[in-house]
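Two complexes, one shared chain (subunit A), two partners (subunit B, subunit C).
== the complex of A and B ==
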């Protein structure tokens, strides 16, 4: 009975109700869109960084992340890699040796700092997006002549290196040039190694373009007599929301494997432990969005409150008549709350529909910001002009709950005021 | 005209509750938008400030070509440095400047070989690491960057130790002026950790000098720096400018001169200004050998990061404007429609629809202006408060692509932020008034009076 009356009351002044529903609904739609946008940015950042070489999960010697000493390797690398690959949910994995040192060439007097990753090209190509960023030569390929059995031994022993564009320019090297890398060997002593440039990489990100080189893992394992050891196994998973769970499965698989003790200690870390800064950055952007969200909600609530006050006080006379005819104040109050409930429901439907259309659009096409960022022709790995949205339950549910609750809450105050009125005052 | 405005003003206060409510929404909208724009701008300049102050500098003077080929052939000679000094002397907006010499190097801890050749653990403690060695003039450096202040009190990287020797920055003067193979060094805290080095230890440096010669020398570690930038912490090694230059056999030469300026936003203009002054010093040369670059050119990556940040702030601002628009237009429309009956009566006693329409618009504008004034006071008050106190997200500091970000957000008070907020509110208030005004102008008095 009360419901039916509230519903009818709502439509006695159609224009007013529609305006109110439209305003609250559109407000909700904007919040949903914004939510999807920020969620999308987060997913984009994590995915692009994961694909750049980090991966979602990394395996190291337990002390490696903290100390980064060359001697801290994991033995039985190929067995470990096999184990990791067999874990359900793992899409790809790549094992690496990592060397930090200085690099120079005979063509320039400059000495640069470099981080050299030794990788299995096939594994790494399937794994990271760096493959698409090679602008000259090949991806960690061997120098010409190395496979020629008639070539002199010193030719066949040459090792290839892929370097970033900026580094190549600074060292004034081109394909075929020789570079020298000074780094620490596994015994801690400084060693010098020679490589021939066989590939040049351009990503738009200084971390790769300036201080980065990639060489063949086999070459390095042979040259340093490292044998079957690596510093890092990087893992990509199919579903980024299951990273923590898959990391646990990997740990479990390793500890349960035959000869687990022989393999030595290994720590399995999800990306947020490998790069706590990135995690913090994302948390921060969450907090920042929280503040913006609050500002929007304050404005929206003020709007809803005002609307509700108007909706209610416009009908003061009507309530006076009702009170005079014997309707109890509590019944009047309940009726108004029910009305606000219905308005909130209608507004949520409108907001979700409009929001869904917006989200569908920004998920499919993204928001192109190139119009705003003039001269933003930067084909970088981590930088996209088009921001894509994300769609999940959270994106829709959070704003809806907040707006729904806000509408009903904001209607309580005017409803209480009405219930307290005396019939005579109200009718005047 | 004035009479008309006064009438509208009185009309506004005939129904105080309604006007107050509508005004409240407008006030809130103005205040929130001002705070939002202030926060966005504040975060933005903070990002640039911390990124440039920790090391990069707002402007650098280099030899033309150094940016692409940072080699020994593109160093500034002592003659060049004197010219740069002269050009900077008395330049408005410039705070200080300092020369630096930078090179990549391999750095190793100097330890005796382990006695037992099978002691693998001992070998594992030894290591070498690529390091970015920067020669600085400690006195001048203090004025241009926060490197000197970033020295930590403990002289070792292991936080749990209590017996750390105390650390300090490089002495103002090189204590070994006559020994080219011995110097003082300050290491990034992360680099010290990897090398397992503490204050008092000696490290060996290996880098290239002129004519492809390899130059090796020893340095005594006197302190560790910890900045918000992981890059600096993990790869930086600082020593005396003169010592490094002598070791690399390029005495007196510098890679670039860092220039600290007062106003971040004027970096580009000041760089151009400085370039002109430098060009003017060598009028006979066809091309000046110098290049003055602002941080945007020095670090395109930082530039992109800043633009990205601006982009997402812009998107959120557009969304905020949309919310404000929808809400305001609705509130204004509703409060005007409520008065249809009143308009009917006024028309019936002879007031022209045109006059009523204009009255409605005038009332709305008056209310928006009044709310705008109150909202501005509230918004700017909040803004100025947070400008000094910051909104603390309680997460400390962290770094992204070399940009140190603090989680305390300070706002910035700007004229355009204010104008934009008040303008938006005014615009949507008028938009909200147009529909009812149009509707009223077409009503017959009889219909209007009947209107519920």
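== the complex of A and C ==
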């Protein structure tokens, strides 16, 4: 009977109940939508940045990330790459040599500092989104004639470089133009290398468009006598939620491999260790969601408390009669909490339905924030304006639990008031 | 003589209104025995409601003692008093005070649920009471679908459902027309005579005063008169 009474009591003032349910439900829908947007934004940012060049996991010499010294390399790079690729969950991996240097051309007096990434084009193309940003030429392709056995030896020895649009404009180079890159080799000695522009990319970020060059790994290994060493192996995984687990598996595979000692020390770092600023930024978005939950609860509490205290006021005499008849205070308390529970349930259904519609839209089409801002650059990588939402259990469950629990908890205060009533005072 | 079902010994109740003490009852000695059909009458402010609240365990005296079915109410906590009311007392209020969201059946059933009686036994008991008060065909109606007289009949059935030792009826006919009030009084009188149920009324209604076999008059918080009478006010 307690449930029946609670349910029927809700509909004694149908309009008030419907308004309360609608208000709480819409509040929940807002939270679900924001949660989906925030979760989707987090996933999207990590994926976009991972696909730019970061990857989900990176392997380095243990001291490399801190010191970024040219000499801090990983040996037996081919073997390491093979081990990494064999780990379950790894979608792709790419080995890289990384140099800082200057670049110039004979067509301009401009000299620019660049970060030169030497990659295996096939490996890198398999998972990098930079491939889509090439606007002229090819992705780290070889200059024309290098594979022609009839071409002169000088032509066959040419090395290709892919640069950003802004850098190409500053150096006044186009496809086929020659550039010179000066850097320091592994022994610290200056190394000058000639490259021919075979690709131009445009990402929208200065880090890539102005301060970046990509060359063939083998060309760089030969030019610098690096042998089978690399500075970095970048790894993409199939399921980003398993990054930590896969990183541990990679570490384990390396430590257990034959000749592990000979390969030298290797550190396996998930993206949040490589780019802690990104992790902090994403954690901040979680904190902001927490603030949003609190604000929404405060707003909703006002409505729920008003409703429940109105109920107590209107039914004061009725509660007095129930007490007089022998109803225990705990039963009255439970009855009022049950009413709040039922309101919370109805509101959750409304909120989840409306929220689901919103989530379905932003998962399918995303929210285009170009009205409010242009895309932004983070850690040298470009993040788009259109944010797609995420649809998972957390997006729906977390806000629902918060709103549901908050609604029921708000009923405790008026319920305690009722339980403490004196029958004769209530009936007066 | 039967022992008293309800008894007060030198009961007094003083209310504090700010700095002023207002004595509502001043040393009342009263005993109500099994089978009585008794009315407590008196002008407003005479202490009727206060006396009823004390007898029903809804309030505590400032001085003196109250006994229900031989048990002193003093020292009982809220839970014990609540249980005592459920088991021993049936209340009939002036304003019927049925629970609006429950049907007639459910309103009468409510105290049995509080007592923990099983569903089958509840159904049997409620149906028999509904028949006894002449509302067997109204069991699924809510209070808003019944007249004042019908609601008060349901209230009487609810008051009787737990086999109380006494029914306390506070102005039961006040909100009813004379015809309905008379019919209700006849019902209660029949229950008193046929079932031996004890009724104690608080009333202004001359019809109720006339129907009672014992009339207690309160004045200024004291018993002014306490006399047996024929109880023929109904012409029964």
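Keep in mind that, in the parts below, the second predicted complex is superposed on the first by the 381 of 428 C-alpha atoms of A that agree within 3 Å, B and C clash if a C-alpha of one lies under 4 Å from a C-alpha of the other, contacts with A are read in each partner's own complex, and residues count from 1 in each chain.
Definition applied: a residue touches a chain if its C-beta (ideal position, glycine included) is under 8 Å from a C-beta of that chain, and two chains touch if they have at least 3 such contacts.
Computed from a predicted model, the values in this text were never measured in an experiment.
Student: Between subunit B (first) and subunit C (second), which, if any, makes contact with A:111: first, second, both or neither?
Tutor: first
Student: Is A:329 in contact with subunit B, with subunit C, with both, or with neither (first, second, both, neither)?
Tutor: Once the two structures are laid over each other on A, A:329 reaches subunit C alone.
Student: Return first, second, both or neither, reflecting whether A:270 touches subunit B, subunit C, both chains, or no partner chain.
Tutor: So A:270 meets neither subunit B nor subunit C here.
Student: Report for A:321: first if it touches subunit B alone, second if subunit C alone, otherwise both or neither.
Tutor: In the superposition, A:321 touches subunit C alone.
Student: Looking at A:1, would you say it contacts subunit B, subunit C, both, or neither? Reply first, second, both or neither.
Tutor: Once the two structures are laid over each other on A, A:1 reaches subunit C alone.
Student: Report the partner of subunit A that touches more of its residues: subunit B or subunit C.
Tutor: The partner making contact with more of subunit A's residues is B.
Student: Thinking of the overlay built on chain A, is A:164 touched by subunit B (first), by subunit C (second), by both, or by neither?
Tutor: In the superposition, A:164 contacts neither subunit B nor subunit C.
Student: Given the touch rule stated above, what does A:423 touch, subunit B (first), subunit C (second), both, or neither?
Tutor: Only subunit C is touched by A:423; subunit B is not.
Student: Output the subunit A positions appearing in both contact lists, the one against subunit B and the one against subunit C.
Tutor: Looking at subunit A, the two contact sets are disjoint.
Student: Would you tell me which residues of subunit A are touching subunit C in their complex?
Tutor: 1, 4-5, 8-9, 12, 317-318, 321-329, 331, 422-424, 427
Student: Can you tell me which positions in subunit B touch subunit A when the two form their complex?
Tutor: Listed in rising order, the residues of subunit B that touch subunit A are 17-18, 21-22, 24-25, 28-29, 32, 35-36, 39, 43, 68-73, 103-106, 108, 120, 123-132, 193-194, 196, 206-208, 210-212, 230, 235, 299-301, 304, 307-308, 310-312, 314-316, 319-320, 322-324, 326-331, 333-335, 337-338, 391, 393, 395, 398-402, 405, 407, 409, 452.
Student: In their complex, what parts of subunit A are in touch with subunit B?
Tutor: Result: residues 13, 15-16, 19-20, 22-23, 26-27, 30-31, 33-34, 37, 41, 66-72, 100-104, 106, 108-115, 169-170, 172, 182-184, 186-190, 204-207, 277-278, 280-281, 283-284, 287-289, 291-292, 295-296, 298-300, 302-303, 305-307, 309-311, 313-314, 367, 369, 372-373, 376, 378, 380, 382-383, 387 of subunit A touch subunit B.
Student: In their complex, what parts of subunit C are in touch with subunit A?
Tutor: 53, 56, 58-59, 78-79, 82-83, 85-87, 91, 93, 95, 97, 99-102, 106, 109-111, 113-114, 158
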